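Here subunit A shows up in two complexes: once beside subunit B, once beside subunit C.
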Partner chain A sequence: MISNILISDPTLRDGSHAVSHQLNAHQIASYTAAADAAGIPIVEVGHGNGLGASSLQIGESLLDDTTILKIARENLIHSKLGIHVMPGIATINKDLKKALSMGVDVFRVACHCTEADITQRHISFIRNKGKEVYGVLMMNHMAPKDVLVEEAYKMQSYGADGVLLYDSAGASIPSDVKEKIELLVKSLEIQVGYHAHNNLGLAIANSITAVQAGATILDGTVRGFGAGAGNAQLEVLVPVLEKMGYSTGVDFYKLLDLSDFAERELMKVVPSIKPDSVCSALAGIFSGFSKHVQRISKEYGVDSRDVWFELGRRKIVAGQEDIIIEVAVKLAAEGGKGQ
Partner chain B sequence: MKSEHRDMIYKDCEQVTANSVHLLSALRGQCILITGGTGFVGTWLAEMITFLNDNHDFNTQLILLSGRANNFSAKAPHLADRNDITLIESDIRNVVDIPNEVEWIIHAAGNPDNRLHASDPLRTIQVIVKGTDTILEVATRLPDLKKFLNISSGLVYGSQPWELETIPESFMGSLNCDSIRSAYAEAKRMGETLCAVYRNQHRLPVVNARPFAFIGPYQLLDRPWAINNFIRDSLLGGPIRILGDGETVRSYMYPSDMAWWLLRILVQGTVGASYNVGSPHGVTLQKLAKKIAGHSPVKSEILSGLSSDRSLGRSKFIPDVRLAKNALDLCINVDLDSAIKRTIVWNRNYC
Partner chain C sequence: MADKKTILNVAILGTGNIGTDLMVKALRSPFLDCTLFAGRNLTSAGMTKANSLGVRVSALGVESIMKDPDCCDLVFDATSAIDHKYHWSLLEKMGKIVIDMTPSRVGEMCIPAINLDSCLKYKNVNMVTCGGQASIPMAHLIGLLHQEVDYIEVISSIASRSAGPATRINIDEYVETTEEGIKIFSGCKRSKVMLILNPAHPPIDMQTTVFAKVKKPDIQKLNAAAVDMARQIQAYVPGYQLIVPPVLENKRIVIMVKIQGLGDYLPKFAGNLDIINCAAIAMAEEYAKNSRSAPIRASAKNK
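Let's look at the complex of A and B:
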């Protein structure tokens, strides 16, 4: 029997990181309309860090959430409209109620992989409105499989339709994916999914491994458009899945056209695996730090690779960007050399 | 509370007590203390006792002890304002003394919401274990305690083996004690052990009830259980989403049956015994969703979260209630379809 894999496309959301959240109305409208025509089940939009994240600290979006959601909603007829939500950045009253009223279909409520407790109110609120809501454990490489199961179980108990592991730093290798997804599938009563990043060139391999381990939801972006080295390349992921006997419901030719369009219209540079991406993955640091690390390293005259590995030693996560400066100052004081 | 809701509760109580009121005669003129008295179980017990007072001159006094007693007026003003009900606001863990006139205790404190168990397993354990120990200790000082009913949980059995049709009270259980998912169930097991110890060391007349799953008035639709979510989804216009395996089997008892069974176990249950409380009639989640869609005033589509070739987490949770039936002649008065219909009527303004 053919198994269905639910494909979610965060090109416009994760790719937002790659263009400093500067996607314009025409780009969003054109992309969502074409993705809808290609039969992509879920299209995620918004600031790279999700709803309510546009700010001086995290990065200001060219368009506000309301405008982005309105454009996307108008152009997504068959595809579901998805958004990324991080409690602490997005609030129920200010952001979730607005998103619900604007017709968002699918909510991804995300937290650091050991902090599922903070998702309870958001997941329960959305679930009680009858909408699809998924729990997301970001930076999953930072927790062992047993801890991930306990955190995922919390999300299940809050009412999540499924739980996804995000390899936010692109730090995972297939054996990690296999053991973690297998245990989640075995332990939970809801669907399990995977969101890969390509820092080590393993995004497709990790996604396929996840499916073989029992995952039923995969994320992919066209041309891999996303933070750092990008995500699993959707126009590769879909045919590979189909070749392996899975069904996605996505129109292959239209997907290829979509990816050409996106390269031409959305991207200044197509994501590639740069030395910076490899270092961030090996250090286990979120790729979204990349621009900050490059800028600060240059400013303080230190080797960005040393900065990455010192950040990794300190297990820094999103929201702790200020520590990049602290690390750069320390390395500069030591003569610009890391450990 | 709306008069139609009060009428519904009245008819529910009337149905389950018909021709059987004499079986609770031991409670006439007595004083009953209920811990967790303003929760789902406590509220239904209060409805049943006040029904007996109003319609059968029971003259029974109720003391509802709860950490949220002050909110009871908003939830059930028709109960909170009565002369035969006294509210005491207290954390069960901190109870020092209870009135000497208490002759019966129903210990129903402990939140069954598994969101709380997942987020705060330590508090879950402390409320159940320390709370049970505290109320048992206090009970030893009562001069005329006739019976102590400990409301445990069907979850003390752990996972029901798929090949086991229903769980009898003698089933030894299959809990994994080193998992945070076992916090509630293990605490309930410890609660039962504490009851056994107090029964032995202090000769307390303790009996256990092990409730399974319920659906009906006073149960909030935001609770994270399948039937609550299905009814809520249907009232919101659907779709009804089955998150896990549609072949998972559950059974549901209507709360007026629950309240009647608990009072009967309180009065006639054998000291030291444990009784399952729930419906023995299993239903798959797929069939349950269809029933709800059929009874709902809003047409609802049913969606399954899993592909048809997957069977994740397929489970079963159905009590064997032959002990309650054979020893106490207890039966199911409200079938599942009626329970669903009444629950929909109760919640039809949900949004």
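Let's look at the complex of A and C:
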């Protein structure tokens, strides 16, 4: 029996964090064209935190959303074009209407894992326009399984086609994934998916655990190009899934070529697990904070590890990058020494 | 003035967190009396609170004011942006002053530390948003002290438990209304606003960061002005604190403030609700103080 796993590739979206949102027009055009040729079902583009997120807080994009979407749309023939939005940052009027008019096929509406009701209007809006829409529970390591089910259930009621758990801090271990995904699959009538980060070296392990627990959608990026230590490496994930008897529809050789090409064309540095990524995961802080924590810790002469753990103690969530400055100022005033 | 105060009778529409906290604050004010608390559900927590404080309640919403137009001089509308448009169409005909707590963008935007006096001539005043009340005074200073302000960005983090259903459903209006307020009061060309809900326990205090990109940042002048502005805001929002005074980081001006609530009806962590309510009460008191000279009907009443 072969089950299909829907692969979505956010290399250009999550990988945007890895290059401080500086991907250029040529990189976006050539990657989308090559991903289309490799049979990647969904290719996600945009700023690391989604549409409308180019900012002083998170990082300014080299290209605006309109330009990115236009280039991606021109180059994706068979693959669907996907985007990510976070209510509280992106609005229906400013961002979703634009994305719809530019021909986006798949919408991911994301929020912190306990705040699903802020996605209600965004999900319903896309649902009513007849497009594919998924709910995303970010930073899922911060909530127990019964809370996640409740939040996922809300997204289902708003009209989502599926719900994905994001391990945004790369903080989860396989037993977490198993119990959470199993409960979601058992409780929901819609598809369930998983988006891994590799801070603890578990991105592939967590992804296949999710599939074994009943998930049918997985995210992966070539060379793991993504925030922090990166994501589940797509050219590893796909063959592992095939070996386990799942089908993805992705052309293996072309995927390998795509990954070589992307390493050359997109990456200054291929993501790897640095001490910073391990601290980020153990502190339970969003991987996208990595570059900011490094820069600000250096500027204020404090130990970045202390900054990560202080952010963790304060239970800071995605989008709160400004707090890094406050924490660094405070640690510097205390003489720069932590625990 | 002190011996013969004019007391304005106020009605509150909407019996959620904002409306109930406003009622407690209005009852404490020497310039205001709360004569009606109107919503839809007589068994809500807010209605129960009103009963316990001896405030007249009604489940008829805006109709309760239409049935008894003399019950109030001023109406706080703490319902929703959509409902406010309907309420204003009725209340305007009755000649009421309306302080709009929703992000409807119908009336004149009011930030007490900036334009309290000039708002007196309007009958519909909009309190922008909680993040707007926290950030716009600082954005205004950035605009005053710099020749060319290209861009201002505001990020507010609030405790998840302080964000009720109306805040959540109106999150887009929150973002767009605050962005507009920043542009109006600072003169910047572009603005961006983000709202982050944080579910940590114990709940976090409201914290707001203002980032700006300007041609020639004058941090020294801005610093003195920000300290002074924070003091002015503290006169009506006691829990307002400047926690990171203006600094230049990575070529951006950064200012951070924190707002702790008074803990009237809501817990102290709900600084987001407290700041917009404190601002609205400051506006209503200003109407009361000026009601003899202005064309506003006030019922003199002794407390």
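The working rule: the second predicted complex is superposed on the first by the 339 of 339 C-alpha atoms of A that agree within 3 Å, B and C clash if a C-alpha of one lies under 4 Å from a C-alpha of the other, contacts with A are read in each partner's own complex, and residues count from 1 in each chain.
The definition used in the following text is that contacts are C-beta pairs under 8 Å (C-beta built on N, C-alpha and C of every residue); 3 or more make two chains touch, one makes a residue touch a chain.
Only a predicted model underlies this, so the values are computations on that prediction, with no experimental measurement involved.
Peer 1: Report for A:Gln120: first if it touches subunit B alone, second if subunit C alone, otherwise both or neither.
Peer 2: Once the two structures are laid over each other on A, A:Gln120 reaches both partners.
Peer 1: Which holds for A:Thr216: it touches subunit B only (first), subunit C only (second), both, or neither?
Peer 2: Only subunit B; A:Thr216 stays clear of subunit C.
Peer 1: Is A:Glu326 contacted by the first partner subunit B, the second partner subunit C, both or neither?
Peer 2: Second partner only.
Peer 1: Pick one for A:Lys315: touches subunit B only (first), subunit C only (second), both, or neither.
Peer 2: second
Peer 1: Spot which of subunit B and subunit C makes contact with more residues of subunit A, would you?
Peer 2: Answer, by number of touched residues of subunit A: C.
Peer 1: Regarding the shared-chain residue A:Asn4, is it in contact with subunit B (first), subunit C (second), both, or neither?
Peer 2: Only subunit B is touched by A:Asn4; subunit C is not.
Peer 1: Taking the superposition as given, does A:Gly135 touch the first partner, subunit B, the second, subunit C, both, or neither?
Peer 2: neither
Peer 1: So in the superposed three-chain picture, is A:His112 touching just subunit B, just subunit C, both, or none of them (first/second/both/neither)?
Peer 2: Second partner only.
Peer 1: Based on the superposed arrangement, let me know which partner A:Leu56 touches: subunit B (first), subunit C (second), both, or neither?
Peer 2: After superposing on A, A:Leu56 lies in contact with subunit C but is clear of subunit B.
Peer 1: Is A:Ile89 in contact with subunit B, with subunit C, with both, or with neither (first, second, both, neither)?
Peer 2: After superposition on chain A, A:Ile89 lies in contact with subunit C alone.
Peer 1: After overlaying the two complexes on chain A, where does the subunit B footprint on subunit A coincide with the subunit C footprint?
Peer 2: 117, 120
Peer 1: Going by the contact rule set out above, which residues of subunit B touch subunit A in the complex?
Peer 2: 114-115, 117-119, 180-181, 221-222, 224, 229, 232-233, 236-238, 241, 243-245, 248, 305-310, 312-313, 315
Peer 1: For a test of understanding, state which residues of subunit A touch subunit B in their complex under the given definition.
Peer 2: Against subunit B, the touching part of subunit A is residues 1, 3-4, 117, 120, 124, 127-130, 132, 150, 153-154, 157-159, 161-162, 185, 188-191, 214, 216.
Peer 1: Tell me, which parts of subunit A touch subunit C in their complex?
Peer 2: 52, 55-57, 87-89, 91-94, 111-112, 114-115, 117-118, 120-121, 142-143, 295-296, 299, 314-320, 322-323, 325-326, 329
Peer 1: Which of the residues in subunit C end up touching subunit A in this complex?
Peer 2: 151, 153, 155, 157, 160, 165, 168-169, 171-172, 175-176, 192, 194-200, 204, 207, 209, 211, 213, 243-244, 247, 249-250, 252, 254, 256
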